Every structure is written in structure tokens, then in C-alpha cells.
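We just call them A, B and C in the order they show up, numbering each chain from 1.
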Amino acid sequence: MVDRAFDIRRLPGAATLAITCFVILYVPMIILVANSFNTGRVIGEWEGLSLRWYAAALQNEAFLNAAATSLILATMAAAVATVTATMAALATTRSRGFKGEGAIHLILNQPIMVPEIVLAIALLIILAQVKQITGYTGLGYLIIAHSAFCIPFAYMPIRARLEGMDLTLETAAADLYASRFYAFRKVTLPILAPGILAGFMLAFVISLDDVVISDFLKSPGQDTLPTYLLGELKRNLTSEIYAISSLLLLISVLIVAGSWLVTRKKI
Amino acid sequence: MLDIRDLTKSFGKGDSAVTALHEVNFSIAEGEFFTLLGPSGCGKTTLLRLIAGFEPPSGGALVLDGQDIAQMPPNKRPVNTVFQNYALFPHMTVAENVSFALGAQGRPKSEIAETVGRMLNLVQLGHLAHRKSGELSGGQQQRVALARALAPKPRILLLDEPLSALDMKLRKEMQVELKRLQQETGLTFIFVTHDQEEALTMSDRIAVMNGGRIQQIASPRDLYDQPANRFVAGFIGETNFLSARCEGGQLFLPQADAPLPLPHRDGPVTLMIRPEHVVMGATQQESLALTAKVERLTYFGTDTHVHLRLADGATLVARVQNALRGGASCRDGETIPVSLPADALRLLPQEVA
Amino acid sequence: MLAKDHAMRSDTRRRWGLALPAVIIITLFSILPLVVVIAYSFLTPGDFGGVKWMLSFDGWFSVLFERDIFDDTVSLSSAHMTILGRSVALSLATTLITLILGVPTAWFIATRPAGQRAFWLFLITIPFWTNLLVRTIAVQEMIRADGVFNRILLGLGVIDAPIQIMFTNFAVLMGMAYVFLPLMVLPVYSAIEKFDFRLAEAGYDLYASRFYCLRKVILPMVRPGIIAGSILVFVPALGAYVTPRIMGGGKSMMLGNLIEMQFGQGRNWPLGAALALTLTALVLVALIWYTRLTAGGPRRG
């Protein structure tokens, strides 16, 4: 028998477990997608390949409304979170320390330290009364609530990018007659752009992923895709659920692939 | 054109305050290549940053063309900097970098295009105008940084150790290039370096700094030949120091056979002589005659360093050119006569160590 | 000096001004509600949900204890203790499973040639970014009564009737392990990727066996990533709501579901608030433990 060359990077059994891990991750998702193409109404009874349930979903008013709500909500919340997180990142980085720096840090990270369900009931308690007092029941509550828990996620990549930025670049801009605003627009912002984009995408996905908070805070008719899915799940399992799930899965794949391409191009 | 008056800078406050510059005074003339030379932490970079406006001074005045600019923000000062790490904007092309200042000043497009073209030709980078700055070599980045700082036609160009990141060969080329650029443009350069050779070869005048104070301002030749104090003498070139005394117009060196007539104020002095002036053997010139033991010879190609030990244990280094008279003819352990010619001796005030 | 103080003060003002919008949003929509929860936990439950503004410690009392209706004897609330114990136990088990699968996977990815690494990472990021609910539905499809497992086993003749896996602790565990697995892989991967393999070479050069090198050189360097991954799995697992709701139904409830129940059918808002704060406290303990642990280790970048 020939001795296998000693490979420092080999960890006995790691490859086997890793492949097992990928199989475990992907088999359920593949089966889910496969089910969505089933002609039959009852899940598991394979009756042939069709796009019937996608067609059904696309004609389903409730689903379309939920999709629109999700899209608007995620876009608005991510936009608010990204803008405020960018400002906050500019405020907290590259300082020699200032009064209240610790407090700002703590506040900015607070939402990720509290379990989602706790935040959900906390918001439910307070917003139920606010809705009663003001009479306003629009999407605004959800947008700001989503912004709040998206801020820490948007903040992370923007802050990292800012901290990696060479401070002398702004000094150089000032030396070359740029006003503060001109330097920010022409130097800081373009260099920050990939971080801001990453922050926006992160916030968008986090908002889109949320089930609990949306489910607790929504006013009638404000179903998002996940809360609509959750509601349908309570009734019964139909192939349409699988079609909708597959669509959500497709969105994730597109976002991951998109961010992959964007970061690739930057290098 | 630039007068620096009692310029002071301290960092921190209260007990932890550190003074980086102590009441610095000097003037720079139009078109001069002026160098700030000193070891790291001597305050040369701080002084440059004060002139650029990146830090406010703690006291004193910076008078440019009759106007005190000490409180003027950097983006209003007609002074530009070539940064040590170049600080090129990574998201812009070479041309965009060079046009940055003109854009910030809101100059017309046609003027910008014309100036950028001229600047890139000046630094011989016309063919790389549309490259991103990250795709350039160190030497090319250096040229872009120069072109960028020159484009807005500053009154003074500040260069903060711009050659320190380049390798030896490239650095020599850039030294020549910088000097050519300065002569062609007739611009005033203030150049910061810790490399004495760089300073000596390029500068019209050099300010040697140490501990936040200017030690001496002089031309390279005067700095080398007539150092004002022990620090300058030791920092520039190699030097021998010996303790001596002056009394009644005579210089007494304890190790020497006889005193030397030399008019000087009475008292202890530090005697300084460059290794290349130490003569091996006796000489007809007026000189101090000593006896020394050869300890070690170090071969340097063009010349040989002879390490000598005097009777009382003091050391002396002599440099002998290998091309002359077959180089150093002595051998290790030999005891030989040594002469210190009077015209090569410099007397410095004795400093408390 | 005075001018400098002034400059510093104006810098502080500018920074606070920039951070203000984010600070206000989070304060109003995350911190303030939490304060209200604290207040509610000390009130009396209303008759049809909500609260009466009367001070009461019953909410906190009921987190752990119950009072006999007839003789007022106080005993540990077995229902709550079961759910609390289950939440902690299932979260720990989830962390353990994801460690066993996730660490070798991270190692596997980190030791691929540079060109292939992006592909394998891509495979991990897709489930990472996919909606939690969708992934829970995918696991459910595998193990429910007429799901994939049971069909295969029935088809092979191994079993005669479907095995009931849904609505058990095991189902919740499988669901959570599946859902949180990518959260373990990514931080461990970035720690291993940063590891300088010349250190392992040095270890082997100094006569270390594979196991000795792993224990003495590799693990200590990769430890921060493993701790980060464990925390990233344990904390959301402890507060999980969606996955236990679908996989466990009413039978295998976790803390998150118990809390929700108090605001729904239970109609005991103060108890719900007290339970929510208990959960938050448990999470904070885990996070503080984490910062202690990482602060003690070697500091990097």
C-alpha cells in the first residue's frame, strides 16, 4: 500500500461530514421546489409536472397584495435603515473618542440583543394603543419598526468599510481645495458605496425574512409574504404554498447571486 | 515668501501635554528647495502639517506673501501636499485624480482638460491617464501624486517623505526627477525626509530638526563643513568627537603630543573631525600629532575605514580612499602615528551628555 | 486650549447630530417598547387581555410558581418549568448538532483551493439568506406523517404505519438544527480562513501528532470563530418562535410560544411580559458570557 502524502490541511472525516451537511441543507429545499411543480393538489401525490400552482399564485389577489406589501416594506425599511445607519457610522467611526460614544454603540446594537418575539410583543403592546389614539393604521408602523431592527445590520458593513478607509484620503481632498461637502461627495461617498450597498441588501433581506414582528404588528390587510404564508400554513398544505415558498427561495438566490457579482466586480 | 514666526504646537492638555514644536522661526525664499531633515519624532512632519493646515498651531504665525495663514483651513491655502503613502483616490482614474483640485475649485472643463494633459506630460504618464490608481506601480503612483499636487499651481509644494516607500534604485531616479521638476517649474518645495543623503543631494537649504527645535539651517555644504552643534555634526555624515580644552589661544588635546595654536574662547570644547580628514602618518601641515593602535580595518569598496584606539581608550575612525596610494597600508594591531590637520578641525560647544 | 475644548465640543455635537435619526428610531421602536414591557410585568391582567393599572407581582411570581386554587399552597409551576427546561435543552442540543456538522464543513470550505472556495461559500449563503419560514416548511415536508421519510420507509417496507415525528421535541430540534446550521458555518469558516497554516506546519515540524496539533495549535486559534458561531446559533434558538410553532405545534412549545400565548388565548399580559423579560435576561447572560470569553482570548484586528 502506498502511503498517502501527509497533507496538513486534511482533517480526517471533515470532507464526509461536510458533504453530509450540504446534502442535509439542500435535499429539503430541492424537494420543496420539486413539489411546487406538481400538478396534483395534494402534496406528495405526484401527478405530473406543471406550472399550475405558479399560475394560481399569480392570480391570487391575496398573494399579490402580500408580495407588494413585502416589497414596499422591505424597500422602505432598508432605505430608512441604510440612510440612518450610514449617518450613524459616520458619527461613530474615526474618532479619538467623544462623549457618549459608548451609549450610541449600545443603542445601535440594542435591537439584535433582544429576541424577536420579545420585540414583537413589546411593539404590539405600545402600537395597539398608538393605533387607537391616532387612528392611523397604515404601513408606517411596520416600516419604522422594520427600520429599527434593520439598522444594526445595515450599520455593520458600512462601519467596517469606513474603518478600513484611509484617513489621509480626506486630508488629501481638503489639501486639494475640496470643501467638506465636496470631499464627502467625491471621495468619502464613492469609497463607501460598496459598504452602503451591502448594508442595504442586508437590511432588505432581514426585513423580507421577518415573520414574527410583521405578524404581531400588521393591521388588517397588511399581510406580507411570510405572514401570508404562515396564515395559509395554518389552514392546510397545498401545492400553492410550495410555489410561493419556491418564489421566496428564488428571491434569495437572486439576491445572493447579485451581491456576489457586485463584490466580485469591486475587486 | 513664507515666514514662520514662533510657531509652536503641543498635543494633549494639562500634565500629559507634549510639545512637538518649540517656537520655530525661519523664512523660505521663492523658488527654494527647502528640506526639513531629522530623525523620526523630531517634529518635521508636524511642522509640514501645520504649513499644510491639517493641524492648527498652538501659537505663532505662518506668513505667506504677507498674509498670516495660520488659521486658514487647508482647502483655502495655496499649498499642496504629496503624501507619504500618496493618498491617491482609489476609485478614480489617474486623470480624475489629477483633475480633483481643479474640479473642487470649479474651473471650466476646457481648462481642466488642458491642465491635466500638461501635468501628465510633465510627469511622463500621459499614456496611463485612464488607469485606476490601484493598477499602478509605486513609482507611477508617486508621479500621479506629484501631478495631482502640482495641477492647481500651488505657491508651495509640500512633500512628506515621498520617496520612502520606493526601492533604492527607483528612489535615486525619483530624486533626479524631483529636482528637475522643481527647476523646471521654479516652484518652492518644502521636502521632509529622514534620509540625510537625500537631503544633501537635492536641497538648496536644509533645516536640521531635533526634539521639536531647529538645530541649524544652512546649505548642504555648510551643514557638513560647519555644523552648529554636536547633534548636527553627528546626524549628517560620519564624525569623530574628542574632548579638548582651549586655553590662552591654544588647543590642548590630552592624547596629542603638543598643543595647537588656535584662537578660541577658553574652556572645554568638543573637537570634531570627519574621518576622511584624519591623516595616517605624520604630515607637514599644521596639525595635532597623535599615536594610535590600529584595531580593525573595514573594507567598503571605494574606501576603507580604519578603526583606531588612542592611548586613553578613546576611538577614532579614519577613512582612506582605496584608489589613493594603494589604500590603507597599515595592519591590525600596528601602532602608527596619526595627524589631525588644523584646517579640518571644528570646535563645538561642549554639551552636557 | 479653550479653542480646542470648543472644537471638541462641536465635534461631539456634530457626531450626536449624525447619529440622532438612528438613535431616535431605535429608542422609539425598540428600547421604549421594552421599557413598557417592564412596566406591564408589574401590573394586573385585564379581564379580556390588556392590563389594569394596579401594581402586582403575580406576573413575575407565575413565571416559576403556581398557587393551588383550593389551598393556596405554592409550588413550582411544572408547565412553565418544562417549557423553560425544554427551551434551554433544545437550544443547547441545536448548538451541539450545528457544531458537529458546521465545524467540519467550515474546515472543508476553508481548505479548498481559493478558486473553489467561493462556490462552496455560495452554497452556504443561499440557505443563510433564505426565509426562515420557507426553510422550516422544507424540513416539515421531510418529516411529516406523509412526508418524504415516511414515504420512503413505507415504500421500503421498513414500517407499516407512518412514524409520528411532527409535534415532538425531536421535530423541533431537527427544524432548528436545519434552520440555524448556516449561522454556525460562516463565522467558523472566517476564523479558519484567517488561520495561518504555516503555524500548523511549525507544529508538525516540532513533532506534534495530528491530534496534538489540532488541540494545541489549530483549535485555540479558531476558538473565537467557534464561540461566535455557537452564540449565533444558541441565542436565536432560545428565542425561536416560528420553527417550534410549526414543528412542535401546541405539544412541544418553547419559551417564545409560551410568551405569545399569554398575549393571545392566555390573556395574561403581565405574565407574558415577565416571561419575555426572563427570555431577554437569559439571552443577555449568554451574550455577556460571550463577550467575557472573547475579551480574554488573543486580541485580533
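The rule we apply is simple: contacts are C-beta pairs under 8 Å (C-beta built on N, C-alpha and C of every residue); 3 or more make two chains touch, one makes a residue touch a chain.
Every value quoted in this text rests on a predicted model; they were computed, and no experiment measured them.
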Most heavily contacting chain pair (counted by C-beta pairs in contact): A-C
Middle chain, criterion being Cα centroid separation: A
Centre-of-Cα separation between chain B and chain A, whole angstrom: 57
Between chain B and chain C, centroid-to-centroid distance (C-alpha), Å: 61
Chain A and chain C: spacing of chain centres that average the CA atoms, whole Å: 17
Residue numbers of chain A (touch at least two other chains): none
Chain B to chain A touching residues, read off their complex: 52-54, 73-76, 79-81, 83, 85, 87, 89-91, 100-101, 103-105, 148-149, 152
Chain C partner contacts - residues on chain A that touch it in the complex: 6, 8-22, 24-29, 31-32, 35, 43-44, 80, 83-85, 87-88, 90-92, 95, 98-101, 104, 107-108, 110-111, 113-126, 144-145, 147-149, 151, 155, 205, 208-209, 211-212, 225-226, 229-230, 233, 241-242, 245, 248-249, 252-253, 255-257, 260
Complex contacts: residues of chain C adjacent to chain A: 8, 11-12, 14-19, 21-23, 25-34, 36-37, 40, 100-102, 104-105, 107-109, 111, 118, 122-127, 129-135, 137-139, 141-142, 146-148, 151, 178, 181-182, 185, 197, 200-201, 204, 210, 214, 235-236, 238-239, 241-242, 246, 256, 259-260, 263, 269, 272-273, 276-277, 279-280, 283-284, 287
Interfacial residue positions of chain A with respect to chain B in the complex: 166, 168-169, 171-179, 182-183, 186-187, 190-191
